[in-house]
Amino acid sequence: MSDGSTRSDGGVQSDRHEPELTRGPFQRWVQKSIKDPKRVYRAMFYVATLFFLVTTLFPFYFLLVLAVTPDTGSLAVLPQLSTLEFGVFLDVFDRINFLRYMLNSVVLALSTTAIVLFLASLAGYVFGRLEFPGRQPLMLLILAISYFPPAAFFVPLYQLFTGNVVNGLSLYNTPGAMILPFSSLFMPLSIFILTTFYGQIPDGLEDAARVEGTTRLGALFRVIVPLSAPGVATAGVLTFIAVYNEFFFSQLMNNGQPENWAPIVGGLLSLQRAGQFEVTYGVMAAGSIIAVIPVAILVVVAQEKIVSGLTSGALKE
Amino acid sequence: MARVQLENVSKHYDDVTAVNDMNLDIRHGEFICLVGPSGCGKSTTMEMVAGLTKPSEGTVRIGERDVTNLPPKDRGISMVFQNIALFPHMDVYENISFGLRLRDYEKEEIDRRVDDAAEVVELGGMLDRMPDEMSGGQRQRVAIARAIVRDPDVFLMDEPLANLDAKLRVHMRTQLQRLHRELDTTIIYVTHNQAEAMTMSDRIAVLDTGELQQIAPPLVCYNEPANLFVATFIGSPSMNTIPGSVTDTGFSSAYGDVHVEFDPTAVGVTPGQEVTLGVRPEDVYSSDLRDEVAHSTQAVSTRSDVLEPMGDEIFVYLVTEDVDLGGSMEEGSDPGEILMSVGPDSDITEGQDVDVVLDRSKLHLFDENGDAIAHGLVETPGAGAAGEAEAEGDD
Amino acid sequence: MARVQLENVSKHYDDVTAVNDMNLDIRHGEFICLVGPSGCGKSTTMEMVAGLTKPSEGTVRIGERDVTNLPPKDRGISMVFQNIALFPHMDVYENISFGLRLRDYEKEEIDRRVDDAAEVVELGGMLDRMPDEMSGGQRQRVAIARAIVRDPDVFLMDEPLANLDAKLRVHMRTQLQRLHRELDTTIIYVTHNQAEAMTMSDRIAVLDTGELQQIAPPLVCYNEPANLFVATFIGSPSMNTIPGSVTDTGFSSAYGDVHVEFDPTAVGVTPGQEVTLGVRPEDVYSSDLRDEVAHSTQAVSTRSDVLEPMGDEIFVYLVTEDVDLGGSMEEGSDPGEILMSVGPDSDITEGQDVDVVLDRSKLHLFDENGDAIAHGLVETPGAGAAGEAEAEGDD
Amino acid sequence: MSTEHRTGDAPESGDRGLYASVVSWMENLSETQYAYLLLTPAFLLLGAIAFWPLLSTFRLSMFADSFGQASVGNFIGLGNYVAIITGERSALLPSPFLPEALTTRAFFNSALAVTVIFTVISVFFETIIGFVQALVLDQEFRGRRWVRVAIILPWAIPIVVQGMIFYLMFQPNIGFLVGTSDNPAFLNQLGLLSTTPLANAQDATMIAIVADVWKTTAFMALLILAGMQSIDRGLYDVAKVAGASAWQRFKYVTFPIILPTVMVAMLFRTIQAMRVYGLIETVSGCTTVPSLSCLVVTTFNNRMLGSSATIAFITAAIIAVAVSVYIVGYVRGGQ
Amino acid sequence: SGGGDGDGSGDGGGDGGSTDTPIGTSTSDEEVTIQIAADSNFSNAADEISQTLHEDGGLPDNISIEFLAGSFTTGDRRSQYQQILSAGQGRPTVMMMDNGWTIPFIARGQIANLSQALPSSITDSVMNDYLENMVATAQGPNGDLFGIPLFADFPTIQYRKDLMREAGYSDSDFDTWATEPMTWQEFSQVVRETMDATDTQTGFTWQGSAYEGLACCDFIEFMGSHGGSYFGEFENYFGPIGDRPVTVDQENVINAVRMMRTFIYGQDDDDALEGYADISPDAVVQYTEEPSREPFTNGDVVAHRNWPYSININGAEDAFGEDLGVMPIPYAVSQEDSPYESIGGSTSALGGWHLTLNPNANDARKQAAVQLFRALQNDEVRLRMFEIGGWTPPIADLINTERTQQLEIIGRYVDSLQVAGENALPRPVTPVWPQQSDQIASEVNNALRQEKGSSEAMADLQASLESIESQA
């Protein structure tokens, strides 16, 4: 775009007729940039993008090298291809029922995300758009939950889920034992995110919806939520990934068996060590690559879909 | 039945009173225009009828039912918003059909109605556009279509035609009137367009700073304004207001020499009282035409200051006296200035001396508080002119 | 110097051509009104001048400089947006001063200017309100203040007064004109208000479906419309258009019996040619007044159908023939229907038989394509009326 | 009554009637009642799963630790709080709560100081970098989706793995980043790292910070990006015409509008950073970098339940103080 | 409601009377499955283990065994068990507990007292035949048995015979070293010489990171082999807390620290102990097992201290094969010269796991567990376990047998292992050990990083250990 525009400009035209000998490509670039600062922005933009790609991906590269370097080999920045063992990615599935762990995680994360988004939407609507006595204190109360290290919840919750508080209510080793704490611990974040996003939707649109005949709740779910799509989707993604990675309750609310809904963390930990002291970094690295990359892609694609879905087609019946 | 009543309704914001102790009784099937200066509380009033804003005090009734605490969806209303408020995430079809879809209409019925409504607002081929791909006027028409696609008891329309060109405006106006007749609904309509208020409404409600000034048929408001505010607000260009005082024999202006002879006691004023005389530009005549005016005043000598040709008429700003004319062009009601409207063929030029007469049957007298004292200052006081106006207003 | 030129500018959206091959040359200091029906491309044109939309083709120049690829900030413009677009997170003061703060004006200077601008738009006491605490008209005035607080070379105003009441509108109009004089800027102004276009602009540019129809001084557009579109678009109520054909002796209408006698060859039409006759409502007179019209046609017998009293005048819808009158009220230009405007004292009633005459000096003739053939059909063809109109337009 | 009618009106069943009456009951609630109604489900969940456990933990914090048969000792009121804050219990903790001297070493050995250092530095960098990332992602360019994946990837990594990556990267003779004294790596030569960074409190803290920034910047970036995407594009037109350069549009339009979102993001990042545990445990171990949460977990694992609960509450109180900084800033900013 | 007293009541459930009464040993025919909380090595080998238990150990066929693959991170397992037991859960039936933290569970009364629950035939054989020090970590204060040692673990020194040969040592030296511990001085010289002769950068890697491993193991070995001890005599190791001497400020202990520092920094170190060479890299201060093994396996190191698992790796054909040598931990002060009776000489830290019984399990399962324990007493089963998963029998006589010598890789080194086993010293586990181990790890690591002088660090440690002793 910038190229086309400068060329239509007479000044640049004459540049091109000057002898090129005296000017290196860089000087020419500088010359053009002075005329068209957009080039500089563009260049800055590419530099920034490249920088982020390198810095975020380097540790992944390390992880990949770690995965494919055999246990007896030593790590190298540029490993020799011939020495690498890509079979490690299959090992992950041979050793344990890794798919089941992943499936568990996805199920837990999806359920938690659904619960959190629903409840947080209600609460975010209340805090973002309604005026009522007690608003600030209640928000602070909800926020205060996040102040506590997960360990502070653990003992009573464990008692509760193992049936020691309410007789017969035993959730240990079931999805409930994880979904419930995840939901309540991740909910404050979503509530706050949604509160800010919902609060920014102009009143006029909610008014219009209500005049058209929605209930108050209807206006929330038909207009405000879709209009806050970027925020809702982000809250969803943040929650989903947070659950997917959760460390504490994921480990302690089940006995680590995939059949008992142990999530990916359990899987990774059982990949981590071949014995009490020996650590098989390779398989674990492979496992985490397997666990993470599809999810990250899924999440990005889903987020785009959610945003475009909520903002356009979602209400088509 | 959709009678709409506001009883002692007020709305206070933190530091502003948007609506103050409003009483309105709108009959079923009536077409009411709310007019008033910017910020006078029109939209707030509408919102209270719609249920979007809760009155600070007072009761709102629709069809005899107290709806003060009813949600908008149960009030049987539909509304065109001043700020248009299209759902940006829905295309035109979805925007228009939103209310119908909420009510689980059948697909065919929805399609039919949407097509009809789009036809009315002339947006036939645009059903799949998104709001941000439309022009201002097109968006406004979508908003209108969204409101008319349903058949509620009460339509609330807040400047629905503000962004439309004159021709389309006229078209939409007739469409709305037809709709009004067909659907037998009550319409409350905010407009800044005098022509709209005059032609469409059964009655006009004039608001100022949150208070109802007058509610009456358009020509009554025009011909017998309840007070100075209504007098100057209704009619464009505005009525000339000439401050002055009552003399033994009639009225004498403070600036220039405008004199009107009448019997103070018959009118009910006392000599020496400060009053304001009101006269519309079209009731000011060049003294050449004196003979055509049944009851003319004595001639006032003025000088034409500025001419504003409007196509079908020309506005002539007349100065009665060499007072400070700094911002004279601003408003016709500057003391010492009189605005006259003449036909497009008039030969008046700028800076020329012009003698004018006023039509006494169309003069208005207001007291110190701005309340109307008399309309028409012919010898037989008031009655004739008023009767005439009412007759016209009724049809 | 802020001459604004559009050279062969077009803007295509996916499926719509919003502006098509537009050529505009706006002189420095000129006040141009862009008018045209909803969706005709006015806002798009403005946006291209502002640099917010890149033309698909063509060149935009401001002050002789090619700005086609220049960002808005380097074009020396300020703009009032049709959708108002106040910054929701800034109060009125911050909104108005935004442009000044960007340019590092001194605090006192900013304050002074903001106060002035707020004064102009009558928002004196509201500087610390947030946009969502204001009425529609108040917001619009903030948007105007935000534009006028700076002194750019070119003002772009997209329906800046749409949400204001008539009185304030008149006030704002004069303020803008004063500003225009004082700042010696070029103003491009979109309005749907005929009065505004007529009174404020040096020239009116009439657009239709993205194409420029005519650019000329207001009265030229009014009196000598370039084509049928301009003729019916300018003027409210709209010009009557009577389809018919040229006879040996003049014009004869297709419906009803409207006959105008003139010499076809002098006008440049051939007998049998399909033409359209145009006449404005104010040039239709009851035949009682025939004597007052210098060049009147022979009487046309009609029946009054609907009366629309407007306060200072009454619109009378006349039917010339019992053709289908289904949607007759919609537009004055329905075949077989003629709109007449009469004074408020007229005694015409609905359903009455009325004989009318037309002022031949104000008649317009258009060919099959709608292009104007002649303005004024007095015996001495054309010249007189046209000259007159031009003289008026020049002042 | 509305004249609106549904075509093909189904006969109103009992369900429908109930539904309708629930809806109308809800619609007629006052704003306050409605607010509380909508909050009820969230608070029910939070009550059972968050507040109740906290209360019960708080009760626990009033009991002495037990090293014998019982799980907790005697009721000692606020004794645990006093003992921990005064340093009386430091010997039983992996590291003291407050710095015991005014030396760098003592600071990096104090749970509070380490936590604060970690939080301030990491949140600062995450915010800045997250902002820039969001700005990059807000552009339209080819491959944007993949850049987005790349930026999200670290955040999708489980902490165990994140810890493992950084642990190994800074492991001499294994990772690439640390050499030996004879054969120093790039970072060692720069003097940025010692050759045994993970055993060195200062270096290990910095590594933990880098690891945290690497992982959680995406959190910031995503939220800020969402904020940017919700801005009405029309406002940029206004700003452009008013003469704003790209930077000024950012400063006056983008930034203030997304500020609430940024504040929420920073607020939660601060809270999360102040509770950092898993990362430290996996990268350097809690002994080297003793964060507040490390103390909670270590004491908890060591069955010092009273102390653990107490430190948890002290941590929460400290976080509350940090949060109030935001709240004050937010209230100020909002005016 | 019961919320508040959750913690107390859970334990109560654990104490429940069942432990007092012997479990019936009668076998019923009902199908019973017992769950053993173990790690994935066990669950991966579940079929083979089950086979040997049934075929060799005579476990009744109606009893089937299910292994739960818990985390290998010992701390995770500990907290998991803690939750399970304090919640009074009945499953799993049997838990594999680290000998490093079995005693606190005993102290809290959370696991079944096997001396009362099992027939004395089983407990007696454990008391008599098993490694005494190992059994000690499963015993209550009054000597009751709460866990059956399942397997033991003792570190040894691995070294590169190929490099040593280049430096002039011969197979006969290696043979001697395999069973006769050498002194640290000698060791450091041998390593140094080899380094110089072969131009190897690194001499000796071990684990000096500030973690449990340092306190429980590496330092116990260095200290013990210098005749030093945390709490004086071995009999004080398991209590009574607060009523035993803390002895880390003794010279023997300080010398151990100085020696470790000398290994790292050579004679330049302020605290250097004469006669020792600079053989360890700086990096040992942040090494745990695996990071210290990697360089050795990669061929850059002469000698390496680690657990037997790494022998299997380093002795593999694609690593060093026969060139890997193993020797017991060297010593500085012989047991006779040490101030304490059972401390001194070559010392190997004692790792390993016990099987304990969940007191909340139902009777059928408990009975089945008894059968399991009985089956495990069978030598054949023990040997099979060694073969299947390398789980070293906790019985000295079973380590070095003709059968075990046939084992691949590890079989070559069972003689050294046996010596190590005989010299194994457990960590002093008590309910306050976690706190103490934190302090030990951190102070020793401080000293190793030259943050503190050796005696300063030990004095500080002395103070904080005493403080813990007194507070608990």
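Residue numbering begins at 1 within each chain, and the chains themselves are lettered A, B, C, D and E in the order written.
Definition applied: contacts are C-beta pairs under 8 Å (C-beta built on N, C-alpha and C of every residue); 3 or more make two chains touch, one makes a residue touch a chain.
These figures come from a predicted structure and were not determined experimentally.
Path length between subunit B and subunit E in the touching-chain graph (shortest route): 2.
Nearest to the global CA centroid, when each chain is reduced to the mean of its CA atoms, is chain A.
No other pair of chains shares as many C-beta contacts as A-D. Subunit C and subunit D, compared by their mean Cα positions, are separated by 60 Å. Subunit A and subunit B have CA centres that are 56 Å apart.
Note on chain placement: the centre of subunit B and the centre of subunit C lie 22 Å apart, centres being C-alpha means. Residue positions of subunit A touching 2 or more other chains, listed in rising order: 74, 155-156, 160, 200, 202, 215-216, 269, 272, 281. Of all residues in subunit B, those touching 2 or more other chains are 71, 73, 83, 103, 150, listed in ascending order. Of all residues in subunit E, those touching 2 or more other chains are 3, 6-7, 10, 79, 294, 298, listed in ascending order. Looking at the complex, you find that subunit C touches subunit B at residues 13, 35-39, 42-44, 82-83, 133-138, 141, 158-159, 162-171, 174-175, 177, 192-195, 198-199, 218-219, 222, 232-238, 280-282, 307-312, 315, 327, 329-331, 341, 343-344, 350, 392, 395. Against subunit D, the residues of subunit E that register as touching in their complex are 3-4, 6-8, 10-11, 75, 78-79, 82, 86, 104, 107-109, 201, 208-211, 241, 281-283, 285-286, 291, 294-295, 298, 300, 430-432, 434-435, 438-439, 441-442, 445, 449, 451, 463-464, 467-468, 471-472. Every residue of subunit B that touches subunit D in the complex is listed here, in rising order: 63, 65, 69-71, 73-76, 103-106, 109, 150-153. Those residues of subunit E lying in contact with subunit A across their complex are 1-3, 6-7, 9-10, 37, 39-41, 44, 68-74, 76, 79-80, 83, 87-89, 92, 153, 289-290, 294, 297-298, 306-307, 309-310, 313, 316, 318-319, 351.
Residue ranges of subunit A in contact with subunit B, taken from their complex: 202, 204-205, 207-216, 218, 222-223, 226-227, 229, 310-312, 314-317.
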